[in-house]
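Letters A, B, C and D mark the chains in the order given here, with residues in each chain numbered from 1 onward.
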Amino acid sequence: MLMPDFDFLFFAEVLVGGLLAGVMYSLVAIGFVLIYKTSHVLNFAQGSMVLLAALTFVSLLERGVPFWASLLLSLAVMVLLGLAVERTVLRPLVNKPPITLFMATLGLSYVIEGVAQLVWGTQVHGLDLGIDDKPFEVAGILISKFDLVAAGIAAAMVALLTGFFRYTRIGLAFRAAADDQLAAFAVGLRLPRIWAATWVAAGVVSLVAGLLWGARLGVQFSLSFVVLKALPVLVLGGFDSILGAIVGGLLIGAGEKLSEVYIGPFFGGGIESWFAYVIALMFLLVRPAGLFGRKLVEKA
Amino acid sequence: MTSTSALSLKRAPAGATAETSEFGRKELRTFPEAASSEPLRLESITLAFGGVTALKDINLAVAPGEIRAIIGPNGAGKSSLLNVISGIYRPQHGLVWIDQQKFARVPTQKLARLGIARTFQNLALFKGLSVLENVVIGRAAVRHANFVEQIVGLGRARREQADAQRRAEEIIDFLDLRAVRNRWAGTLPYGLQKRVELARALVARPKILLLDEPMAGMTATEKQEMTRFVRAAREEFGTTVILIEHDIGIVMGLSDRVAVLDHGRKIADGPPAEVQANQAVIDAYIGVPHDDEPEDAYA
Amino acid sequence: MMNPNASRFPAWLGPVALLAVAYGVLPIVGSSYLFEAILTPFLALSLAAVGLNLLTGYAGQVSLGSAAFMAVGAFAAYNFNLRLPGLPLLMSLVLAGFVATALGVVFGLPSLRLRGFYLAVSTLAAQFFVQWALTKFSWFSNNNPSGVIDAPSLSIFGLSFDSSIGRYLFALTIVVVLAWLAQRLVNTQTGHNFIAVRDNELAAKVIGVPVLRTKLLAFAISSFVIGVAGALWAFAYLRTVEPAGFNLDRSFQVVFIIIIGGLASIRGAFFGAALLVVFPLILSRLGSFLLGDHFDSGVLDMTQHIVLGALIIFFLIAEPDGLVALWDRLKKRLLPIPNNP
Amino acid sequence: MKTIKLIPTVGRRFALSAALVITVAGTTFQTSADEQFFPLQSYRVGPYAAGGTGFFGGFIDYLNLINIRDGGVNGVKLTWAEGETQYEVERGVEVYERLKSHPGIAAWNPLSVGIAYAMIDRITQDKTPLITVNHGRTDSTDGAVFPYVFPLLLNPYSETSAIINYIGAKVGGLDRLKGKKIVVLYHGSPYGKETIPIYELLAQKYGFTVQQIEVPHPGNEQESQWLTIRRAKPEYVVLRGWGVMNPVAIKTAQKVGFPADHIVGNVWSNSEEDVIPAGDAAKGYVAITTQASGSQYPVLQEIIKTVYGAGKGNLEDKNRIGSVYHNLGIVNGILNVEAVRVAQEKFGHHTLSGDEVRWGFEHLKLDPARVEALGAKNLFHSINVTWDNHEGDGYVTFQQWDGKKWNVVSDWIAPDWALLRPIIEKSANAYAAEHKIPLRTADEAERVDTKPIVANK
């Protein structure tokens, strides 16, 4: 082989690839964070929401509905879903322990997956967003335009959400609810409305994630597996930090790819499926609230 | 006023023996040295969360068998103090002496074996257990049989279970809980739950009992009952009691001595009458705008 | 149907009658379909749920990795049986349980520092790691190129249990024994310690419940039971398993069983498993009956998916204590003075 | 407007769904003297639903064709019942247990490795054939050890050999493989790993280097694997994928600039569902197949005319007629029906026992002339199953995706059966030893149980 022992360029390439892959994980993780922040629920149904959003969009598109109309209709579906979830699942379960709510979202994910496939069928769809995925080279490192767009969208979304939380009235209400539900209630914030709003927001985020992941994987049942990629990100970044979701995503993405390439061969490869969890776990043992999470792990 | 508290600190053992001459008949046999020394002493405890100081240089000596109240406005640091004693918080500075042993942080897991039991401000019963089971489990610290022995139910496991059961029944009778002994703990009215918690603490026959607002949210009758039980517990078992309570009327009637905290500092410490007349205490209470907890007016 | 004076019956009558039916009546009247497709998987899943209920229902530690411990039990039993010739079958099962226990303790270690969701997510690490390891190292499957293991024939003391009834009785006996032990356990001090740690960890710690030891013990015992359940799944039910059979869906299935059946109830595990095993079959029978040839098994399955998910939400909202609570209430209505189990 | 169609579909589905929930019932098996029954462990939902609907749709379409056009096989009606498995083993077992006592079972066709494995013991006891067309356990090719299991047309080892033969042809002959580099990207599962030793063996034999890289299940992230491939600069990449791993592989290949026409997919990476989600990235991608796709073959035309014309077509989406899985289902139908026909010639034109159908499969010889007579010329090549060769020397071809459909780009290629046979026998014998199975002889294979064996207890 012509390569030297350590190929820096290759390392950099894996690193960049990993970071960009991490952005994709973050996209899903942000949806979790939104809901966790305000209602302290780990929403396992996030994956099925991603599936539903993407499937709705692509099915409408294939039935001849124009792009923007499809997007709006899918958005409407996600909004309705968010409202319905608040009404039928969250509200009756208010004041139940968080773990009960978590299990309810497990059930919810079954319902959403079932309905999505019942309505739209189980076929596999391709999804072309018109973003070219051909690579171009920067200083010898291949970079995919699609990934850059995804990263851009993720960045925009984070900026948007941060701005929203920081500067809008309802955003501040969100934060208040996140900080102290009782207090928020006391000053007259209507929690159900806030929850409904967060679920709607999470639905919108899952539409974005669904489109990007769908363009990457094709729109099919496996889309709901993306939650499994997002969970270690959340653990690492903290369940309630949007910044954590981004940084966690980057770290997990990079760590996972580098370890697969450099550590994987010692185990015969294929360690990606669990390695992210191990990274996250190790980290947790040192810092039980994740990178940016609040230190009240006990609450959960 | 600080001088008084320092004084009282030094005076404590002597005062205690005088006040509690008739307590602890049973326990004296088991722990002969306990009566002769302070069961608990705090030595310049300072505790802060982030930048906020919760406790500042607190000294407190507890005499054997006394009922010692800790009062103060909301946020004065009373609960923090109890949490330092039970090892839930680790103070930045200072020592906790329990029975001649000193701790920078009290090991919570060993608390029961150190002879300390406590109740919690917000109910901390095990909702999934019956009243009786809640009380029985109070003996956890002195049980050693492993789970296999327990499943088989022979020898040590059976003896321990029988012993715990017997003691629990005694306490249940003692605290008038017989009527509800088989109910789920979580289904009882609030006042009764507080009493069950007291039972769970007492069944361990602690030398020191820490009560965190044992009467909060109770009706007047319930408070009277509770007062009676706390007193009876001291008479019967010779337990030293440290309690936080908001109802000043009750505190003054029940306790031998009262320590007052304000903004993390101890501003007074002494017999109820003395504390009641203390200007700093009066100021502290008036200075505090308004508690949202129901609280009898001071004085 | 039920005698209103039934309250005169002693408490042991119910379980004894049930055992009499299970051992005496079913083997005579049951068909092979009943044993192979319903009862045996029902027993194995019930046992797994008993195990998880000890950990999650009683000790309050949420685990999403049950299937991993089932897999460990199955593959360990297979390997003990394969590599230690002459080892009695029961011994392989017990040893397999211990291997699962060891792994359970290792993956239970995070519980000493983590709670709630963080712990739940960390148990996923067990799920993925075990599946990976079993696939990766073909030693575990005796270098079978397909990674599939075949169960040995079931015989104890020269008695063969290889017919469908035999396998059923084999599973039944193991499940009865372990469930009985579990039932005893939850009524001992240790069982109460589990509940104490679940209900209020701090209070438990203060009164001297050894919290850390209790948590690890819960992981250990639970993993043992789940491991044996996995071995039953492999040996008595499917008779050939691949690591992929113990995937995340299986873990969720066990979680669903205890939610629907009733958390912190040994009986609940059986109720929940019965529902989860029988419900899809009823639905599919319904489907083919109603719609005959035109019936689309896809629609049916989607429906099942939706109904299952909705059931879970329903139970969490309306009956958090699960089927067991419903059953008890029903019994109470039918028998004026209930005999408490 | 196409949207209009959507509403009734959704409505119907929900109506069905609602109907299911509210009614109560049970089933009984209706029996009739001259029926041959096919129990179908189908999967129409879940992650692999696309393959399941295609395959079982094709299979049912062909059975329907025989019933409608010919009135069955020599007057014996073909019947079937479906049980949904979601590709899950225990549900497959449940369906097996449910349907196994149905009279007149011809053969089981699960199209799932896991379910097939779980059934080997059971169907051997029942003496009913288990067909694992194109997949399954390689060593079950050896009929001496596995009398009732038939990995028809292509087992995984033959697939491996055929792929290497194809790549050899592309580089200008097998001898030109020397010094070349091939990467095998395999799914992180027992299925994925099964062919590792065969690639090693062939690499040794032909002197090329092979690097085998695992993709963890489900395979929706392959960045690191493809960067490694990019660094390795192989001539060809063999994709031994599954489900979502396939389109992601193709997309990621494009991302790292690896040309799609140098990726060769195996039989689980060769369907429309594997390439459509990859969009344009899949243009030029090549995959192995035992049956060509497209609907131009006479048998498909007849199915369209006779079955779909009568409104009895099984595929909801008619565009999928002639797709890879649909055609595989049809070929599978041909093989099953012809095995029944062969057996009927020997045992009579009536409902046969499972063991009689087994005999039929063991004498299933369809030469190209017969295949043409069946209207399947160029759909598949030929098959010649014997008592000890249960694969039947299937030929394969390679197809290339042009962005819309698959086009055949090679002749019919034969795997190197002679090379593989000893390895297969060795593995089969080891299995026989471990399970204490006596090896069957040619004479024993001729002994046939004419009574159906219904193990009901």
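Note that in this section a residue touches a chain if its C-beta (ideal position, glycine included) is under 8 Å from a C-beta of that chain, and two chains touch if they have at least 3 such contacts.
The shown structure was predicted, so the numbers you read here are calculated from the model rather than taken from an experiment.
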Least hop count linking subunit B to subunit D through chains in contact: 2
Distance-to-centre winner among chains (Cα means, whole assembly as reference): C
Of C-D and B-C, whichever chain pair has more C-beta contact pairs: C-D
Farthest-lying chain, centroid of Cα atoms versus that of subunit A: B
Chain centre separation (subunit C, subunit D; CA means) in Å: 34
Gap in Å, rounded to a whole number, between the CA centres of subunit C and subunit B: 43
Distance from subunit C to subunit A - Cα centre to Cα centre, in angstrom: 32
Subunit A and subunit B, separation of their C-alpha mean positions in angstrom: 48
In subunit D, residues with contacts to at least two other chains: 13, 17, 44-46, 49, 53, 188, 216-217
Junction residues of subunit B, two or more chains touched: none
Multi-partner residues of subunit A (at least 2 other chains): 117-118, 122, 268, 270-271, 273
Chain-level touch network, classified as line, ring, star, complete or other: other
Pairs of chains satisfying the touch condition: A-C, A-D, B-C, C-D
Complex contacts: residues of subunit A adjacent to subunit D: 3, 7, 10, 13-14, 17-18, 20-21, 63-65, 117-119, 121-128, 133-135, 142, 144, 146-147, 213, 216-222, 225-226, 229, 256-258, 260-261, 264, 268-273
Subunit C to subunit A touching residues, read off their complex: 62, 110, 113-118, 120-122, 124-125, 128-129, 131-132, 136, 248, 252, 255-256, 259, 298-299, 302-306, 308-313, 316-317, 320
Contacting residues of subunit C [partner subunit D, same complex]: 31-33, 36-37, 41, 131-132, 135-136, 138, 141-142, 144-148, 150, 163-165, 237-245, 249, 280-281, 283-291, 295-303, 305-307
Contacting residues of subunit C [partner subunit B, same complex]: 181, 184-185, 188-190, 192-193, 195-196, 198-200, 202-212, 217, 221, 264
Partner subunit C, residues of subunit D touching it in the complex: 13, 16-17, 19-21, 23-27, 42, 44-46, 49, 53, 81-84, 86, 88-91, 93-94, 97-98, 100-101, 113-114, 117-118, 120-121, 137-139, 188-191, 193-194, 197, 216-217, 427, 434-435, 455-457
